[in-house]
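Before anything else, here is the set of structures, which you'll find just below.
Note that subunit A is present in both complexes that follow, paired respectively with subunit B and with subunit C.
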Partner chain A sequence: MTRTAAWSALALLMSAMLIVATGGSPGEAMQALVRGSVADATAVSVTLLYAAPLLLIAAGACVSASAGVFNIGQEGQVLIGALAGAAAGLRLALPGPALIAVVLLAGALAAGLWAWLSALMHRLRGVDIVVSTLLMTFVAQQVVALAVNTPWLLQESRLGRATVLPQTNKLPPGALLGSLGGYPGLQLNTGLLIAVAAAVSVAVLLTRTRWGFRVTMLGLNPTAAAHSGVRVTVVTGSALAISGALAGLAGAVLLTSPLSTNRLQPGGSLGLGWDGLLVALIARNRPLLAIPVALLFAVLRSGGSFLAATGVPYYLADIVKALLVLAFVAPRARWGRPAVA
Partner chain B sequence: MKRAILAAAGLLLLTACVSNDATATPEASPGDNEAGTLPPGEPDVNGDGKVVIGVLSPGDINDNGYYESFVVKAEAFATKQGWQVIKRGSVPVAEALSAARALCQQKVDMVAIGATELKDAIPASTEAVCQKTAWYVPSSANVTQTPEITLSSDDPNQSMLVAGYAAGLLMREKGTTKAGFVTGPEADFTVVAATAFQAGIRETIPEATLVTTYTGDFNDSGKAREAANAQISQGVGALYPYLGGATDAATALANEKKLITLTPGTDRCDSTNPAFDVSVLFDPGDYFEAALTLFAAGQLRMGVTKVWQLGVDPYPTVKLCHGTPEQNAKLAAFIADIGAKRIDPAAEVKKLGD
Partner chain C sequence: MSALTLRGITKRYGAVVACEAVDLDVERGEIHGLLGENGAGKSTLMRILLGLETRDAGTILRDGRPVTAGSPREAVALGIGMVHQHFSLVEPLTVWENVILGDTGRIRRSRACAEIHEMSQRYGLPVDPLAVVASLSAGERQRVELIKCLRRDPAVLILDEPTSVLTRAESAELFAVLRRVVRSEGRAVVLISHKLTEITAATDRVTVLRRGRVVFRSATAATDVAELARQMVGREVADAAAIGLIPAAPHAPEKAQGDPALRIRGLTAPGLTGIDLEVRPGEIAGLYGAEGNGQAQLGDVLCGLVTPDAGTIEVGGIPVDLRRPGALHAAGLGIVPEDRHRAAVVPAMSVAANLTMKDLGTRVWLDRRRLRRRARELAAEFGVVAASLDAPLSSLSGGNQQRVVLARELSGDPRVLVLAQPTQGLDVGAAEDLHERLRRCAHDGMAVLLISTEIEEVLGLADRVLVIASGRVAGELRAAEATPEQLGMLVGGGAG
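Coming up: the complex of A and B.
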């Protein structure tokens, strides 16, 4: 704990030095981060909106990591979830509440299936899951690009002389997540409630159910788990599918949240897939611990938008995040030999 | 359980798919006031005693070209006026709305969007958080006018047709009939630009051909060089890097092969590394500077569109960096004919662009 605090302090010190090196003031940058993330109701709302998809992705990563499966394809799974959600939202003529439910469900199912493909490849051809989940991200990016560039798929409709961009139409109001409170006041979006519920459910699932016990046993010692009768292929596949489904749900939540433009666009995942994975890493794969960590990452996201005013490049927020992750991971490593996976 | 699943699937089938167009939502209406409205207190629109301009750009704001120009001109003007500029480059299109809201939260007096790709930021202009904010939006993609924004528009057919004409003059002198066009994503506006550029070349060389490559990214220098290399191996005599941050990388390669090169928006006739033969000026920074001048004078109206006409306004225009007097005269005459409407660029592009 003390070592983690020391490494975190070092990360913050390095961040401050970087800010100075780019011509900014660490004090002003910190003020900007606070103003953009927690200073008023609007800022807090934006932070909470970012926290929801981050938490969902992290909760999913906790499931696969507990089973000893390192799924690093969340970025692609978020995109696939958003794609399926957009297709459902734009193409199905369902009444309001049913439509949003179908959008979220479609996102989760599609991305769950997408992630499960990696388990299938591992089962059939022995393809490494880390490699396949990562590579499937690039496939997902191309699938989304194809969908939003093809008029008969999901590309936005041409209205009059307007130039058509590579994106879908906006989702109808019935396909958007509702909120308690309204922008610019404090806004509590349903997406956050879903995310917290998902994190709690994952925690319960992993610690209080037979399936969770099998997952944990598999993660700790696959050989012992197999000898105890755990069906390794089934548990691995289901853990990966649940992990992907939660990332896909995050994509659908992002798509339907007030945070986004409510249309599918290339790069619409905003890199949240990678960030969500880092959240799980810092939370050491504990779903409940992921809640405050997701909030911290959301603070960096929303506050990062205000950094530009201080003359500090926006991307510095990403560097700070990376340094913090290293600070949390480094204490577990022993000098001279790598950390135990 | 099985019945419930079947019922759900049946429900989905019964609802049937709707067409994509059924979900197309028309943009907000422009409002009734054609003369537009002046934001009270302009330029200190929010009345906090200082003037802050917020700039969002989808591209690299250090690209030595189109995107950078927008920010550089804004900063130069703002410095003279004692204003502050908050700039953010490489804003993902999916984050346009939240980035614009963040600017409004920082109490900017004007939100300026660097390119139409970020048009999804515009709905923020009607939200309470942006109530005391003026909006400037360049509109090459025909963004719908709303009462809260001022639009700045030009016709890409005009500048790209003339760019092609200028390139054609130099290609004829060099004895080449094949040109290359390297750009980013295959989007409407890049396709329109390539088509008009080809039509322009054919104004002087009817048998000319154009090789077009869409790299998918305006800023990826590696892809741009790869595309330029492929075009060079196909024997192009001129290369138009219609790019953002990758412009210089592709142009440098073209310089090595002594190809005719053109700028994507800014005047870089003075540049030697890389060097350009034609400056095609549709610089968003120039348009924005004109709007800021009006803003400083309290005369920039919201709800109106300024359309920049080639041959009428100072911009857009095209100039040969090292043209002979004869070439310069021909180019000037062509531009004047467009300004006087003796040449219809749209008709010319339709006739010669395919």
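Coming up: the complex of A and C.
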């Protein structure tokens, strides 16, 4: 723990030095970060809006990693989830609450299936899951691009002479996630509630159910798991599908939350898939621990967009994030010479 | 002046004392036996010598000069060489490549081969320098290890449990070579073993370690097996097999009765060719053979990890569908596999989880209270010593981990119990305890299959001995009639 703290301090020191090197002032940058993320109700609202998809993705990553399956294709699964959500929201005429539920469900199902394809490829042809989930991300990006560039698929309708952009129509208001309570200025989006519920469910699933026990066994010792009668392919496939489904749900939440334009766009995942994976990494695959970590990453996201105003390059927020991840991962690395049997 | 002198070597791991003020003198031209149970501190002592561990106190003298090896490479420079229990050869490489591994400078194949050839002549270690190690038998690999070690010209040669993978004939050959090395070249040899017969047969002097201390030292000729056994364990041991002795009294056979509880027919898988065997309720059948003759593969099939290419397994007269996960367990076959860390336990999970992982119930939700109660009962019944049931299994001693596996496998009241090398790595007390439980299981009507490379264990426990060699059953003898010589011939005949 103290080592982690020391490494984090080192990461922050290096970040400060980088800011100075690029002509900024660390104090101002820090202020901007705070101002953009937690200083007032509006900033907090944005931070919480970012936290929801991050937490969903991280909770999913906890499931697959516990089973010893490394799904790193969340970015693509988020896109597929958003695509399916958009299709459902635009094509189905359902009353409000039912439409929201169907949009979210469609996103989860589609992305779950998408991730499960990697398990299938592994089963049939021995394709490495890390590789296939990663590469499927690029396929997903092209699928979304195709959908939003093809008029008879999901591209926005032409109105008069206006040029059409590569995006879908705006989702009907009935398909959007609303806010909870009536706090002035503060938006407490339903998406966050869903995300926290998902993280808690994953924690319960992993520790309290037979399936979770088997997942844990599989992740820690696949041979012993197989010996005790765990159907390795079934458990692997379901863990991967759940992980994908939660990423897809994140995509649908993102699509229907005030954070986005409520249209599906090619870059609509905002790179949150990668960030969510990092959240799980820092939370050491513990879904409840992912809640505060997701909040921290959300702070960096929302505060990061304020950084630019201080003259510090925007991408420094990404570098700070990367340094923090390294600081959390480094203490676990083994130092010194390797053990000799 | 001794070739190697240790004075007051002490090593502690936290509160655990691995070595306490150990003194040891190894003279030139002698084979010195280092005897002790598992966990007595033999390996720690040698690891300190080789620079794999640091010592807390004490001095090491080589030819009277104080030395400290910081790494195995430095140990070689000091003239200390070691052949490890499990071979450290690179299997896809050839013999000569393995022998020169670690050399610096230009690689000259012809010179390396000539050198190996010359050495194999001198020591009587026939081996083809161009052969690929993967294609060699255990005995041949042992020769390669020896050549590799002797080529560095060590004044002190340490062998750690060298015979665990060898047949009797190969062991005899190894000891003959060691005798030559000692007599004609004046080297010193340290032979680490927990096998009493080996120590009495091959060494000149013997030092016995118990719980990290030297408790006894003597010229080998001046002592006997009974004395050494007493010194090693610290009490009289009735169970001869547990201390690596062949029981003097013939084993009273249990009354095996009825139809076989386990019947294996024509079992063929990679490494196994048409294995046929039967075990009846109430008997202990021993499957004996040198390591690496298909026991591991048979274990994997019986663990449900490998689906055989051909053949059937019947438990209680009913054929088992081997493609279904957990089918053997469900059919009533309990198994304690050879490498428990690989297949039998999840070391990072709790003791309780490991005790109950095959019996999680049929509902979606775990009944955590029931599982906990079951774990507590099993731990008490089988004498598992653990700080807490929530402690990770890896925190337990080898004997206690083995008890956890046995407890779990017996908790389902199996018809058949299979054990592979069950006492490997256990101290004598734990081995005795295990043997006693096995006898009781058989007495209560269970069919027990004991897969072992230890002839003493097989003869001490089994009613019937089957010999496995090169992946097939090479012969079968009644234990009361079997002699080590007969078994040795069957083992050697198949192993080539």
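Here is the rule we use: the second predicted complex is superposed on the first by the 331 of 341 C-alpha atoms of A that agree within 3 Å, B and C clash if a C-alpha of one lies under 4 Å from a C-alpha of the other, contacts with A are read in each partner's own complex, and residues count from 1 in each chain.
What we mean here is this: contacts are C-beta pairs under 8 Å (C-beta built on N, C-alpha and C of every residue); 3 or more make two chains touch, one makes a residue touch a chain.
Bear in mind the structure is a predicted one, so any value in this text is a computation, not a measurement.
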TODO: Sticking to the clash and touch definitions up top, decide whether subunit B and subunit C on subunit A clash or fit.
DONE: fit
Open item on the list: Applying the document's definition of touch, where does A:A308 land relative to subunit B and subunit C: first, second, both, or neither?
Closed with: first
Task: subunit A as apex of subunit B and subunit C, Cα-centre angle in degrees (nearest 10) - done: 140
Open item on the list: Applying the document's definition of touching, compare subunit B and subunit C: which contacts more of subunit A?
Closed with: B
Open item on the list: With both complexes superposed on chain A, which partner does A:A43 reach: first (subunit B), second (subunit C), both or neither?
Closed with: first
Open item on the list: Applying the document's definition of touch, where does A:Q142 land relative to subunit B and subunit C: first, second, both, or neither?
Closed with: neither
Open item on the list: So in the superposed three-chain picture, is A:Q265 touching just subunit B, just subunit C, both, or none of them (first/second/both/neither)?
Closed with: first
TODO: Look at A:E156 in the shared chain and tell me whether it touches subunit B only, subunit C only, both, or neither; answer first, second, both or neither.
DONE: first
- [ ] Mind working out whether A:G229 is in touch with subunit B, subunit C, both or neither, as first, second, both or neither?
- [x] second
TODO: Give me, in Å and rounded to a whole number, the least C-alpha distance separating subunit B from subunit C in the superposition.
DONE: 17
TODO: Using the superposition on A, tell me which residues of subunit A are in contact with subunit B and, in the other complex, with subunit C.
DONE: none
- [ ] Can you check the complex and tell me which residues of subunit A touch subunit B?
- [x] 35-36, 40, 42-43, 46, 90-94, 102, 145, 149, 151-152, 154-157, 159-167, 169-172, 183-184, 259-261, 263, 265-270, 302, 305-306, 308-309, 314
TODO: Would you mind writing out the residues of subunit C in touch with subunit A in their complex?
DONE: 52, 72, 84, 86, 303-305, 325-327, 329-330, 337, 342-349, 353, 357-358, 360-361, 363-366, 368
Task: Partner subunit C, residues of subunit A touching it in the complex - done: 208-211, 213-214, 216-217, 220-221, 223-232, 340-341
Open item on the list: List the residues on subunit B that touch subunit A in their complex, please.
Closed with: 12, 15-18, 20-27, 86-90, 92-99, 101-102, 105-106, 116-117, 119-120, 127-129, 140-144, 185-189, 192, 216
